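Heads up, the next two complexes both have chain A, just with different partners, chain B and then chain C.
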Partner chain A sequence: MGGKVELKPGTRWASQVCDTEVVVVRAAGQAVSLECGGQPMVAVGEPPAPGLELDPAFSGGSLIGKRFTEPDLGLELLVTKAGAGNLAVDGAALALKDAKPLPSSD
Partner chain B sequence: MHLTSLLEIAAEALGDRVAVGPQGDGALTYEGLLQQAQASGRSLQQRQAQRLVAVDINSEAVPIGLFAAASAGIPYVPVNYRLADAQLRAILERAAPAVAVVDPSIPTRFPDGIPELAMTSREEFLGADGPAPAEAGDADLDEPAVLLFTSGTTGEPKAAVLRHRHLTSYVLETVEFLGADEADAALVSVPPYHIAGIAAVLSSVWSGRRLVYLPQFTPEAWVDLAATEAITHAMVVPTMLGRILQVLEERGEKLPALQHLSYGGGRMPVAVVEQALELLPHVGLVNAYGLTETSSTVAVLGPDDHREAVGSAEPHVRLRLGSVGRPLPSLEVEVRGPAGEVLAPGDRGEIWVRGEQVSGEYLGRGPTLTADGWLATNDGGWLDSEGYLFVEGRLDDVIVRGGENLSPGEIEDVLVAHPAVADAAVFGLPDDEWGESVAAVIVLVEGQQAGADVLIEWVSQRLRSTRAPQRVEFRVELPYSETGKLLRRVLKAELSSPLPQA
Partner chain C sequence: MLDSPFAAEELSDVDGAVIVASPDGSAGPKSGISLASLPCIVIAVDRPDTANPTWADLIPEAPVASVDDLLGAIERHPVAATSLALLLRSTQPSLGAALVAESAVFSLLQAGPEFRMWRTNHPVPDPVTEEGPAVLIERDGDSLHIVLHRPQVRNALNRAMRDDLLNALALAAADASVTEVVLRGDGSSFSSGGDLNEFGSFVNPASAHLVRLATSIGRAIHALGDRLTVRVHGPCAGSGVELPAFANRVIARRDFTATLPEVALGLIPGAGGTASITARIGRQRTALLAVSGARIDAPTALEWGLVNALED
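Our next item is the complex of A and B:
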């Protein structure tokens, strides 16, 4: 099983058990285990480990364009590719961020 | 995130949506933009280019060049082709070794070339491809993505370094991924060598908004293109907005598709903002304050702020129409005094910024950020009790008269409020008695008259008498930089002769 990793802003992570991909918007204050579909996520481009399966307890799905947070850690993720699994950190599902978009200044 | 990831992710989600170009034939889809950027990137790698310089007018080659350079792992360096030969040569020599996409006028202006600068036409650049590199390079977020030369007039050219992580942090924090409707279109008239021109590309691509380029700005061409392309979003600098409003008023054009008009890059007279609100009541106005060194926007005054301010009976709320709004949630902004102490709301000092998007770095020079990541902006200003930021211009422009610090912007605002005054520039001139004295250069409204004594009295009554100009000159126009900054230093140099003795 994957260990805990530092999630630096701008780094991209992929699910091993579904199509979900995310980018880190804000770093967590500490190393964490980032999971999707109940399994650890890997850096985008790395092949998934064989034999892993989507955990039904984490199969709510991730919608593209949604932001998820772990407020205590300061972590914020953006879903860049939708998938069947949902996101969690250290086994706890992440909360959907209800963000009002900023007015466009460009 | 790397700029290549930004485009790849958008292309995967948006595929055949139009990314760049006018409606109809010839437009580039997201997938097309990605393919074109990768092909041009391969060609740059084959040529072993170390930088991609662009000395060209605004066109679809800007987003292609930006992402092609990222794809090749080299910085994109847009340069102002309108600069005088000597100045442009100094910048190009500093930017070399590089491949340069150039306007046809450039080889003619430099017939002997520039050492280690391989000039290529836009058509050649867009048509070139190269073999796939043996192995994909690491997308290093810490590599420079863009170098922007600042508009200094003296000394060695100075280039701000913006790394991938700075630019994409700004985009991730401020732009809603896929937030645009399919019909949304952004009109880009700010030049690519202005940070707003770079931010427009990144924000539009990430939100899924079509980019439409105006090659060279005239207010008539801007209004024509905004109307025919059903433009929904646009960003302009202050000098552009006043002229655009004049054309809209003359033609009775309402631009019904326009939803968002943002302005920034310099001080905007409140009267122009009020006129924009009146002529374009359906449009959300956005005032943005930012610096090259902060990867664009730092603070935003949004559409609701504008409406609330203009409709308010409370003077302190109304005043906010002249503010740049509140800092982005992803940034920290402080106003500090000369000893570095954080000042209370209402107190004037220097604006400091900290955040992931803040670079504060120049090519070949050490970092200018403090050890804990703060950038001193060299802009003077203050925060009100609810966190609205008021910017009063470069601290270099502050007038020190008899030990008192005077803000030119404050005095200019009062002068422009006079019905006969169309525009005003205030600056300090050397003075034996006071250190500096206050001088004003005035542009009168056509057909109106106001003498120097009337304007001096006008300022004395509204501000303290120490802030009234001692010298008033009249001109038909004021010098502005191409990106809308009032060039007080030009007037200051012209008028730096001793006051005539009465």
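Our next item is the complex of A and C:
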């Protein structure tokens, strides 16, 4: 719990301190500590550890459907359930993905 | 004409030829010629009610479109109408193959004279700045509601909506805990189809073919299978009809109407409709709708199988 994990594409992770859930779109090139609300995220279905609290420094909130990236790691996450915490890797908040739309086909 | 040993020559009019079959529906090809590759449109007229000639591309059907309606539409846009007839005549082995075939024809027509003429006659107005997302995603437990949200233009499908919708559908596909997905539209209609202001904004037709396949909303809808219900309402057109048809379950409000207007733009349905609508109502009724541009109401859509149920 709280250690670094491999984030494989398609795996889902849940916050321990809010309702946020994410799915991994693109894996990080290395094992990382994935966090939400300042606390490590756990695989969906795992019970949260007791006594953890949302860190006010990571309480900006996560909106459903938004994608977050850590470009240096190649990591990309998609928020599948909104929550009060915001996402971070190894203590650094993740940035909203700067979406580069495909051109028109019409 | 279909009996002639020179049928292939007679039918190969590059401007798009039209054949009206004989009244008793007996004018099917007898001489062993295959119509599959012949650029023509075969219309069955005055057929007995029991006859359903498989060789016909089009069968007029009251009150949707008469033979004169069809002849007029074909005369105005022969290249698009004939290209559509050729495409619908080919049976594709899979949904993927059908999407590839349709997209290729669509791209060809983007480079054709009829589409160029339409765009010339319909200049693009100045863009209006829009606020807010083009698609809303609402989650309630294990239910996900995806809502088209450009009501000011009856949810015309532009690039932003395309990308947001693909993202929302990807979310639903990736999260197995989402057991129920509902796709609907805000405002007076589910969707009025592709945003005409973006028609002609492709980089080039060849690249557009690949972009279209890379961003297939229909494929993503189909992949959700029984988890997805599409709720349609109001006057819908083009992709606003084609995309719901990919879903296993489509529920229409009684004010729903459907039209496929693309041939009048020198194009064909390009959101996968030649696969999705054909699977629901057959290729001849698909051709009837697309060539005529006629609008059908909700009871007709239900009777034909374009939608699965009506609601108030």
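Keep in mind that, in the parts below, the second predicted complex is superposed on the first by the 98 of 106 C-alpha atoms of A that agree within 3 Å, B and C clash if a C-alpha of one lies under 4 Å from a C-alpha of the other, contacts with A are read in each partner's own complex, and residues count from 1 in each chain.
One rule holds for everything that comes next: contacts are C-beta pairs under 8 Å (C-beta built on N, C-alpha and C of every residue); 3 or more make two chains touch, one makes a residue touch a chain.
Small disclaimer: the values here were computed from a predicted structure and weren't measured.
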Exercise. Look at A:Asp106 in the shared chain and tell me whether it touches chain B only, chain C only, both, or neither; answer first, second, both or neither.
Key: both
Self-check item: chain B versus chain C as contact partner of A:Thr80, first or second or both or neither
Solution: both
Quiz item: Between chain B and chain C, which residues of chain A are contacted by each of them?
Solution: 10, 12, 21, 23, 25, 64-65, 78, 80-81, 101-106
Quiz prompt | Of chain A, residues touching chain B in the complex | solution = 8-12, 21, 23, 25-26, 64-65, 78, 80-81, 101-106
Quiz prompt | For the chain A and chain C complex, residues of the former touching the latter | solution = 10, 12, 21, 23, 25, 44, 64-65, 67, 78, 80-82, 99, 101-106
Exercise. Would you pull the chain C residues touching chain A in the complex into a rising list?
Key: 137-139, 159-160, 163-164, 167-168, 170-171, 174-175, 177-178, 194-195, 198-203, 207-209, 211-212, 214-215, 270
Quiz item: Which chain B residues qualify as touching chain A in the complex?
Solution: 1-2, 5, 9, 12-13, 141, 164-165, 168-169, 172-179, 186, 196, 199-200, 202-204, 207, 233, 235, 260, 262, 264, 284, 286, 288, 290, 296-297, 300, 302-303, 328-330, 356
